[in-house]
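Same chain, two partners: chain A is paired with chain B first, then with chain C.
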Partner chain A sequence: MKKAPRTALAMATSAAILGMTLAGCSSGGGEDDTAGSEPVSQADIDEALQTPTELTFWTWVPDIEDEVALFEAAYPAIDVTVENVGQGLDHYQKVRTALEAGDGAPDVIQVEYQYIPSFTLTDSLLDLTPYGAADISGDYVDWAWNQVSSDEGIWAIPQDIGPMGNLYRSDIMAQAGVTEPPATYADYATAAEQVRSATGSYISNLPSNDPAQVTGLLWQAGVRPWSWDGDQTVSIDVNSPEAQEVMTYWQDLIDRDLVGTDADFNDAFYQGLSTGTYAGWLTAAWGPIFLQGTAEATSGQWSAAPLPQWEEGQEVSGNWGGSTDAVLSTTENPIAAAALAQFINHDPESTALFANQQFLFPASTELLADESFTGSEVAFFGGQKVNELFAGIAETVDTDFTWLPFMEFVYSSFNETVGTAIGDRGDLVGALDDWQAQIVRYAEDQGFTVE
Partner chain B sequence: MASTTTTHRPTATRRRKQAAAAYLFIAPFFLVFTTMLVVPLGYSLYLSLFQDRLIGGTSFVGLDNYVQALTDSAFFGGLGRMAVFLVVQVPIMLGVALFLALALDSGRARGSKALRLVYFVPYAVPGVVATLMWGYLYGRDFGPIAQLARAVGLDTPTFLDSGSILGSMMNIVTWEYVGYNMIIMYAALRSIPTELYEAAEMDGASQARIAWSIKIPAIRPAILLTVIFSVIGTFQLFNEPSLLDTIAPNAISNAFTPNFYAYNLAFVNQDVNYAAAIAFLLGLFIAVVSYVVQLGSARGERKQESSR
Partner chain C sequence: MTTTLLPPVERPTAPPARRRRNPRDRRSTPLTVLLWLCAAYFLLPLVWLVIASTKDNADLFSTFGLWFGERFSLWDNLVSVFTNRDGIYGRWALNTVFYALASGGGAALLSTMAGYAFAKYRFPGSRALFSVTLGAIMIPLTALALPTYLLFNTFGITDTPWAVILPSLVSPFGVYLMRVYAADAVPDSLIEAARVDGAGEFRIFWQVSLRLLGPGVVTVFLFALVATWNNYFLPLIMLNRSELYPLTVGLAQQQLASAQGGGGSQALFSTVITGSLVSIVPLVVAFLFLQRYWQSGLAAGSVKQ
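Our next item is the complex of A and B:
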């Protein structure tokens, strides 16, 4: 394993978020820190885009060839090969393996927000600033842009997001006498009790295997479970009093058997959604479309609302999911690769196609404000303008949530600790302590300073 | 001296030629063996002596990874689980396989050719498919077993919680490999000269007696082979935990089996070096256990011979 000495550039990637300046903190070496920051002239860009070029793009997004075709039509000299090497961990493993091997890595990759720091840590992403990315920084929802950029550079272009809301079966709720979506978590607990006693349904399911959803809920509650200074220091606080408060709340619902604790995204879960075992789902903006495929038979009986709030009158949400496109720093065609990542996520025709064909919930503010997107009335939700609702929620996601450069471990460790406690209906707060201990130990083993 | 050389020259040349041909014939194997096994093995041994940290990069740490592994409760937890698996599942599986092989061999069962095929089919089903299929059969809500239990008024049985997952996995593995082991034993049974038990039959020995006193001792080496395969297979379980992990994520921990642990270390924790050390220790452990099994059986054989 070769590791080039880390440069100030790479080490300080998310320093902006913490408001820290890190110039000079690095462990030396400076040969390769200019690659991303040299200004690139418009003439160079124009020339590169007219030179016959072949790009490889690793992504799991289905039918993304259609958006890529729009790019190829705009820049006929560039030929893009789209390859699906797997989704989730498989995908990242292969990218990392190719980077390690120093050969065979693609030019552009799909990457979820939470994994961007793990790639900037290893200097693997190209800073897109010199390639025009800075000019489009205002065109995406703030918090998504914060997650792809830092003072040191712009590392990816947001494609879709997953601001969280509450999808629920209005018919089951009405049967239990709940006519309004619960505004606060206290109301939610009351409603859960009513639904359980009147219909036997759980108000929703808190999955035992989904760190991303629980992280989204913590995000909403204002919990900042971790941070990274972009260099060698991380802080880990997953068992903070605020996080404990959230878990104590769910512990109560679990102990009173008012909420399901099944693993999600398997057959039993899909059946639970379609047969009314769960009367709702605290999910993300991609949830409405997903649900239409999963619970077709219950069309027209669903409604959408914002998440319940911790304080009355608040309007806060968290994010769950979504992804971006990034350019690997090993690319031989940085200009063309950067153009691809930007074009498919910025060109209005392409972003509209993502929203209407792949049903990705857009990160583009222009599209989120577009009547043709927000105005559609969804029969599955009784004619509700679901996109409009979630476009509104997207504005309420807290902007300063960040990620650690080793989220794969953090998530896997969640399943071993908190997830297992949820599934076994055990001690959630105690499990937070275990999760904390595991992350701290891993971070220290990896050479980080833990604050 | 000189005369012997001259008279032997043609033979020596031929011998040399033959040797060259032999080397040529085994060369492809050795080429593949070296590039696909020896080199990767050496490389992982090399990797296991280093530590690669996200901060600080790679450094030579000697045997530190091995020291860490020897005090790693997760690793030993997995080994312990597999030891239980070995002690419980392997005897059941091999017992059933032996019984079926003897039944087929006795010629009493009608349509034994068809039966042989039926028993062997599960082995032909890819492990991935088998595990997914069993995942459905075990399902708590819609699995046929659960539905049947509810229909007759019983509680829904749980096959996939942390208490029962090991048993459920034993069942899957048994189902998968009974046919395979049976075929090995059956093939060995067919090679026993029939005169041996014709004589026994004439002496009035029952089928059970023939099986116990003639057939089983005669296929001892084949049984030993299946035992060794099963020992190795057990400690290397990977597909089943990996696939059941998606169905029962809370019942399967990252270190459920040693192999699954090494995989998670390498690809989730991104600690390739430690994973290599774990894999090496596992290999060593398997070699030792297999050797002990073989030794134990050889001693048993000797004892039997001397008591005769």
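Our next item is the complex of A and C:
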């Protein structure tokens, strides 16, 4: 799932979260858990799954009770309580507060990909390797699997992903004489100019408050803005020449008033999508369904295409959003908890239910190749097979993108620097330097070695 | 909730001696305009809320905010408010009423007793204790939420109604208000007379003073009621089970589910907006009927008699 637009509350709570992360960091100390990676025997697993057990699962996914019910039917001895304690930052704060308090923490939690390192930093996640997770590593798109695992272990099971594509209003584009979706960013800029002069619409919106989307676009461009060695060393390079190139491109579109710069997921943004102020949206695989709920009146006028490419003939995308299920290391029932995290995201019936009922875009390769999933024709997109398109895009996401253990700060700092520059139509490249400086200073303050 | 406080109704009390002068002449146009602007500033969001509640998602984002959309969907929205997730909204509403009444009642009782004691008894440390109470007014409940959570967790009462009610029982402002109110409303001579008649201190408090303190008690009750009704951060921190949530947290959760995008998001905008409207109706009604208590409470202590 994408990160919440930050409100004042979110800012305040993220400060509290960081305080807690650090408290955990200093008390956590070493991360040498290799003793725990002995495989658990099948006999132990069978016995644990037949012992009456109560699990608590904190997640914000609507109606996830249905998938959990499949698990309970398969393992009648295990009783799972699903609790929705909030979404995004609220959720993480509650998890950390409960971990800090020592008890009351759940067994299984929902985590977005970019926040997994902030939990492994404090040794809060259980390594799922001994519980059979290694056996299913090949069943998920490889870049998603790379994000849930490291050399030290497997920390979560992928649930959904958000490979990015281009949703656009084919009617507005056609009015401006653009009949094919722009294949390259150069074409995209040309199309933006035609759309603006012919119809007055922006070709899309570059939000001033959405680090996750911009990170996805950087990801696509091959930018590797940061990395973490799993211990105390990070490298930060958000103002690399490649990143500057991406920002220079958007700077040009912004300066020529060819894209909107409204904050996304709020009123002006929804209006822009439903009234045609924006002729498109560079969004993720969950975007098509989301759009249907908010811009109903424009049904049938949309089309989907891959993102424009930086080089002609390339096929590369980035990811925006998606989430996983992880087991907290404090659980008293590791076998049952690991079984739950794996079952709901691996059992074919359960993954199909996620994809077709909750419309989570699947991370499971089997489902991405399944005709019953990819074959559905979506009326909102004029009968296009949108799932098939995004399943293809999912293959093209670059595999070695990683996250820092303090993405909360990185994202809030983005909003203060690059985001503000986008909103003010100011100097984006200069803002990248500010962003870099803020992250480096923060990392050093927290005791990380910055390379 | 101060936003719903309407400007006091103007009752021209033209004294007989000035009868020749038409009271209308004393109207000040700039002031009238200013007050109208203030009224508009406070009322427009409410008007928006009422109008937006009649729109479905499509109209919400494609029509002008302060006028009705193409379809009138208030009934559909109300149905979806009360049926979403098996009607959990009703549960949240009951929780809110329960938390607010329990906290309001408890806070009113405790504040009255404490304020009365501060006003009428001299005891060692009373000045210091009262200073601490005054200082506590400056500390927002929000700042104490996390420490309170850790404390409550030690006793194992997080994720229970107690976790929301107990902290709300403490109202430093209520104590201050009741001290000021009790100092004026209960004459010392009356207490003396009761003592002479042989009444114990408890009997004096319950049977004599409490009657005189009535309006003040109601005011504190209302303040605490509204504070708990609108409290968001404390229940957000304390509660994990949806079935214990009050409306504030529940609605925020629904709103986040629709405002975040991402997989599994539902477009619940009109449901959340209509739910918000329904959630403030009881408060608005309470204000209209209980205005005089608010005014008397706010005016208490403003004039030295």
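The criterion applied here is as follows: the second predicted complex is superposed on the first by the 416 of 451 C-alpha atoms of A that agree within 3 Å, B and C clash if a C-alpha of one lies under 4 Å from a C-alpha of the other, contacts with A are read in each partner's own complex, and residues count from 1 in each chain.
Basically, a contact is a pair of C-beta atoms (placed from the backbone, for glycine too) under 8 Å apart; a residue touches a chain by one contact, two chains touch by 3 or more.
What you are looking at is a predicted structure, and each value in this text was computed from that prediction instead of being measured.
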Please work out whether A:M247 is in contact with chain B alone, chain C alone, both, or neither, and reply first, second, both or neither. neither
Under the stated touch criterion, which partner chain does A:V386 make contact with: chain B (first), chain C (second), both, or neither? neither
For A:E296, using the defined touch cut-off, is the partner it touches chain B, chain C, both, or neither? Pick first, second, both or neither. second
Determine, under the contact definition given at the top, whether A:G419 touches first (chain B), second (chain C), both, or neither. first
After the superposition on A, what does A:G88 contact: first (chain B), second (chain C), both or neither? second
Thinking of the overlay built on chain A, is A:G104 touched by chain B (first), by chain C (second), by both, or by neither? second
Contacts of A:Y270 with chain B and chain C, given as first, second, both or neither: second
Looking at chain A, does chain C or chain B touch more of its residues? C
Which of chain B and chain C A:L428 touches, first, second, both or neither: neither
Does the superposition put A:L360 against chain B (first), chain C (second), both, or neither? second
Enumerate the residues of chain A that count as touching chain B in its complex and touching chain C in the other. 1-3, 266-267, 271
Mind pulling up the chain C residues that touch chain A in the complex? 57-58, 60-62, 146, 149-150, 153, 158-159, 233, 236-237, 240-242, 253, 256-267, 269
Show me the residue ranges of chain A that touch chain C in the complex, using the header's touch definition. 1-5, 9, 16, 58, 60-62, 83-88, 90, 94, 97, 100-104, 159-160, 162, 264-267, 270-271, 273-275, 283, 286-287, 290, 293-297, 321-323, 358-361
For chain A, which residues are in contact with chain B within the complex? 1-3, 89, 93, 96, 121-122, 208-209, 232, 263, 266-268, 271-272, 405-406, 408-409, 412, 415-416, 419-420, 422-424, 442, 445-448
Chain B residues touching chain A in their complex are 50, 52-58, 136, 139-142, 161-162, 246-250, 253-254, 264, 267-270, 272
